[in-house]
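Below are two complexes that have chain A in common, paired first with chain B and then with chain C.
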Partner chain A sequence: MLFNSFEFLLFFPLVFILHWFVFNNGKSSQNLFLIIASYFFYSCWDWRFSFLLGFSTILDYYSGLVISNSNDLKTKRNWMRLSIFINLGILCYFKYTNFFIDSFIHLFNSIGFHCDPFTLNIIIPIGISFYTFHGISYVLDNYYGRIKATTNLVEYSLFVSFFPLLVAGPIERATHLLPQLSRKRKFSYVQSIEGCRLILWGMFKKVVIADSLSPIVEDIFTNYQNHNGITLIIGVISFAFQVYGDFSGYTDIARGISKLLGIELILNFNFPYFSRSIPEFWSRWHISLSSWLNDYVFTPLALKFRHHEKYGIFIAIFITFLISGFWHGAGLHFIAWGGYYGLLYIPYIFSKKGIKSIVSKKSDPLKASDLPKIILTFSLVCLGYVFFRSPELSHSFRFLDHLISDCSLSQKVAYKSFLIYPLLILLADLIRFKSNFLDSIPVYILIVLMILHHSTNQSNFIYFKF
Partner chain B sequence: MTHTTQDLLPIFRYVFENDEIEISETTVAADIPEWDSLNHIYLVVAIEKHFKVKFTTHQIQSWQCVGDIITHLNL
Partner chain C sequence: MIQFFKRFTVFSIILTITLFTLQIIVSNIIDNKSINGQDNLDQTTGKKSEVLFFGSSRILASINPKILLDARVKSENLGSSGQGIRFAIARYRNYLAKNHKSPKIIVCSMEPLFESGDSRFEKDRFARYCWNANPNDTPILNYFKFNWCERNIPLYALLKYRKIWDCIFLNNRSSWLKEGMEIPSSNSLCATSPKRFDFNTIKYNLNQIETQIQIFKNLAETNSAKLIFIQLPFYRYPIDSPNNQFELTEHICKKFKIDLINLHRDSLNQDCSIFCDQYHLNKKGSDIVTNLVINQLETYLQSAQRF
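Then we have the complex of A and B:
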């Protein structure tokens, strides 16, 4: 059940009405109802995986309780390790088994043995990468004493399974979401209107922008041999706006739906293509994942290697981005994409000024003189997208080779994708963040009409497969 | 010997390159703009060198405010 599907159009109003007008006796009934709704939502893809979600929930809930209540560091450590081992084991089995089989077969064949390729018929449970990260962060926060484990299984279950964030995030933290679930939610007109605005702008970014760019990008990346270099560059830039419109649109819808249920989710995107450096980009793009990796991967690694000073920092950053790439998908091109970002940090780490953070904490206001830095950063990000978007690593290199070798101007340049959609997405974000004359009912009616006009081809969200 | 925030203050100012920083036991990372994840690592290294101590990863990860650092320094 996609957010932009007819089924969801029936599902959500029903959930909204029942949440505020039937199950409104207290937080327990509100939470229980939302759990039932969330499991129903999840079961619409494949009901069997609801049991996996339930198992993961109970495992992390119980591990958190034991860790929090124990005074023995060894007991805490053992339960933390057990929980993470099982969580990652499940994730690896479903997401990476075929990748490892394929890699081993390649390795065996390359050293002279003969092994026929084969794959196991494994279906990847939707959202597994996201809810696994919810559970891991909860257990680690308990282990390091940052939070006290909740004794309320209903609240914890909703923290993991809350349907707006279940399948593609944002990756919430217990410190932010659990307190909201532990009190009765009261309907707020202002919050609901803000939620509706977010849903509309999210739908606009997804349906009008991302889905319109999708066939252009698909054609350019699939048939790259038939296009010249300039068109390939436009294809990459178009993908930059497609993936942004798709994923930030999804996040806006998720945040809007949550607001309508009285729950605030964290901001996941903050004008990423206006970043002046790569660390700034990662503090503006998929913020919930970047900060998760920063806290639970980079920091422990950097602490481990801290006495190697800048070299230790580089190793920690490089491994973190490799993991980030691998998290996005079981493919060498995703690992290459992660490694590419790890390498991009070298100048920041070893420069005289030095790097401040894997995700920069401070952000000065933008100035006109920042334009060259913004263009450079965006170009580097686009180069990374070649690896991200390609179906396999060799395709990325062939694509880049063709891009460089044939840079003649074409008659068939897709100006629409190059000019109109980036401007539309900028407009959508500016209006969303700053109220102005465009934030009015006639404009929203126009947006609804545009969404309806473009909604004939219903397509999946890119980040669902992660 | 019992350490206090005054013993830590010069290290904070040196690592964060800001001589105007003031700290108390309740100071948290959010109170100091320069206190981000990477500077946190440099801060740990500087404290360990200065006081000739070695913290465990579990200790460092459990720090939530300056008071927690002092508690572990005084163990």
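Then we have the complex of A and C:
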């Protein structure tokens, strides 16, 4: 059941009405009802995996309780390790088994041992990367004493399975979401109107921008040999806005739906393509994942390697980005994409300012003089997208080779008219950021008409596969 | 909560009024007009044609009703891109519902390229009929499986299938004759080297085809019309086709005792100057083929009352 599907158009109003009018007696009934709705939503993809979700929930809930209630450090550590091991084990089995089999076969073949290629027929449970990270963060927060484990299984279960964020995030933290689930939610007019606006903007980004760019990106990346360098650049820029429209659109819809149910989710995107540096980009792009990796991977690693000073920071950042790449998918091109960002941090780490240059400057207002920095950052991000979008690593290099060797400003460019879509999304972002001009009924009616006009090709959200 | 529902209701009402108003304006613009040549369900009312042509885009690009009219044969070319025999039957039923009398002769394309039917290609061409549909057009909408929303939400089908601008500006009609034929390109295939056609890609379900043929034949006979099949030239066959798929048509026609106008001749198939691509004839080709069809139809028309 996609957010932009007809089924969801029936499902959500029903959930909304039942939530506020039938199951509105107290927090328990509200939470219980949302769990049932969430499991139903999840079962629409494959009901068998709802058992896996249930198992993961109970495991992490119980681990959290034991860790929180135990005074013995060894017991805490053992339970933390057990929970993480099982969570990552499940994630690895479903997501990475075939990748590892394939890699080992290649390795054996390359050193002279013949192995016949084979893969296991494994279906990846949708959203597994997201809810696994929810669970791990909960257990680690308990272990480090940042939160006290909840004794209410219903609340914890809803924290993991809440349907707007179940399949593609944002990756919520127990510290932010659990307190909201532990009290009765009251209907708020302002929150609900903002929710409706977010849903419409999200649909606009997904259906009008991302889905319109999808076929040209597909064509350019698949048949890159038939296009010249400038067209390939247009393809990469188009993908940058496709993935932004797709993922930030999904997040906006998820946040909008949650607001309508009285729940606030964390901000996941904050005008990322206006970033003036790569560290700033990562503080604006997929914020929930970046902060998760910062808290649970980078910080422990940085502490571990602190004796190596700047080199230690670099190693911690590099490993964090490799994990980030691997989290996105089982493929060398994703790892290369992560490694590429790790390398991009070198100038910042070894500059005079050192670690201070990595600290976010997103609160600084944008100035006209920032434009060259913004363009440079966006170009570097786009270069990374070549690895991200390609089906395999060798394809990325062939694509880049063709782009460089066949690039001239005098070339005839295909698809240049499609650059209107990136301009549209940037303009909408800018205007919405600067004023309330776009928050009027005629504008939203126009948005609805545009969504209907672009509703022919209903496609999955890109981040569903992660 | 009440305030939210009030606001939501106001927005919904304004949206509904906007959609209704725009739909009514567009409906008035396209009333009794074709926007892409093949959406001519309204234009076939009150016609007294002697011959109807059904089939895919190959029929559409091959038979010129103007040449037939010069030979005093009043006809309509109701071919439709990408459609098979099931659509031909639906289209014939639509014609009957609107005219209450069948032409004497029904000519339908029959060949391996003509599918048995679940094709939903180019349904967008008929999206304009979705809203407030004429009951006679419902079978066509059913054939294309337009859903409830497309049929009942004003403007939705036109927006979804991106026909709104064609409807407003009517700028996509120039290459279509009133009688429904696409004016073929004057390009010749001789200067190009077309790709080989892989006949194995065709899902030719003989059982389904035969069932539909029987339905079509019965329908024509019930309306005192003669059903004739036609097989058109295909560039370079049999060189590109290892099997004898095109011979199958003769076999089918014999089995159902349906006459066949077989223009699938080597002399035409090998002549690159009459094709604009591998499947479709160009202007020269369509003139040749239409005249050949007239010659063949003469026999059948002699027994029918002329206009």
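Worth pointing out:
Definition applied: the second predicted complex is superposed on the first by the 445 of 466 C-alpha atoms of A that agree within 3 Å, B and C clash if a C-alpha of one lies under 4 Å from a C-alpha of the other, contacts with A are read in each partner's own complex, and residues count from 1 in each chain.
The rule we apply is simple: a residue touches a chain if its C-beta (ideal position, glycine included) is under 8 Å from a C-beta of that chain, and two chains touch if they have at least 3 such contacts.
This one's a predicted model, so the numbers in the text were calculated from it and none came from an experiment.
By the touch criterion stated above, A:F187 is placed in contact with chain C alone, chain B being left untouched.
By the document's definition of touching, of the two partners only chain B reaches A:Y144; chain C does not. Of the two partner chains placed around the shared chain by superposition, chain C is the only one that A:F6 touches, whereas chain B remains out of contact. When the two structures are aligned on the shared chain, A:A302 is found in touch with chain B, with no touch to chain C. Contacts of A:R81 after superposition on the shared chain: neither chain B nor chain C is touched. Within the superposed three-chain model, A:W20 lies in touch with chain C and out of touch with chain B [touch as defined at top].
Which of chain B and chain C touches more residues of chain A is settled by the count: it is B. Applying the stated contact rule after C-alpha superposition, one finds that A:Y444 touches chain C and leaves chain B untouched. By the touch criterion defined above, A:C196 lies against chain C but remains apart from chain B after alignment on the C-alpha atoms of chain A. Residues of chain A touching chain B in their complex: 73, 77, 143-146, 294-295, 298-300, 302-304, 306-307, 309, 313, 355-362. If you check the complex, the residues on chain A that touch chain C are 6, 20, 187, 189, 192-193, 196, 441, 444-445, 448-449, 452-453, 455-456. Listed in rising order, the residues of chain B touching chain A in the complex are 33-41, 44-45, 57-58, 60-62, 64. Taken together, the chain C residues at the contact with chain A in this complex read 1, 3-4, 7-8, 10-11, 14-15, 18, 147, 149, 155-156, 159-162, 164.
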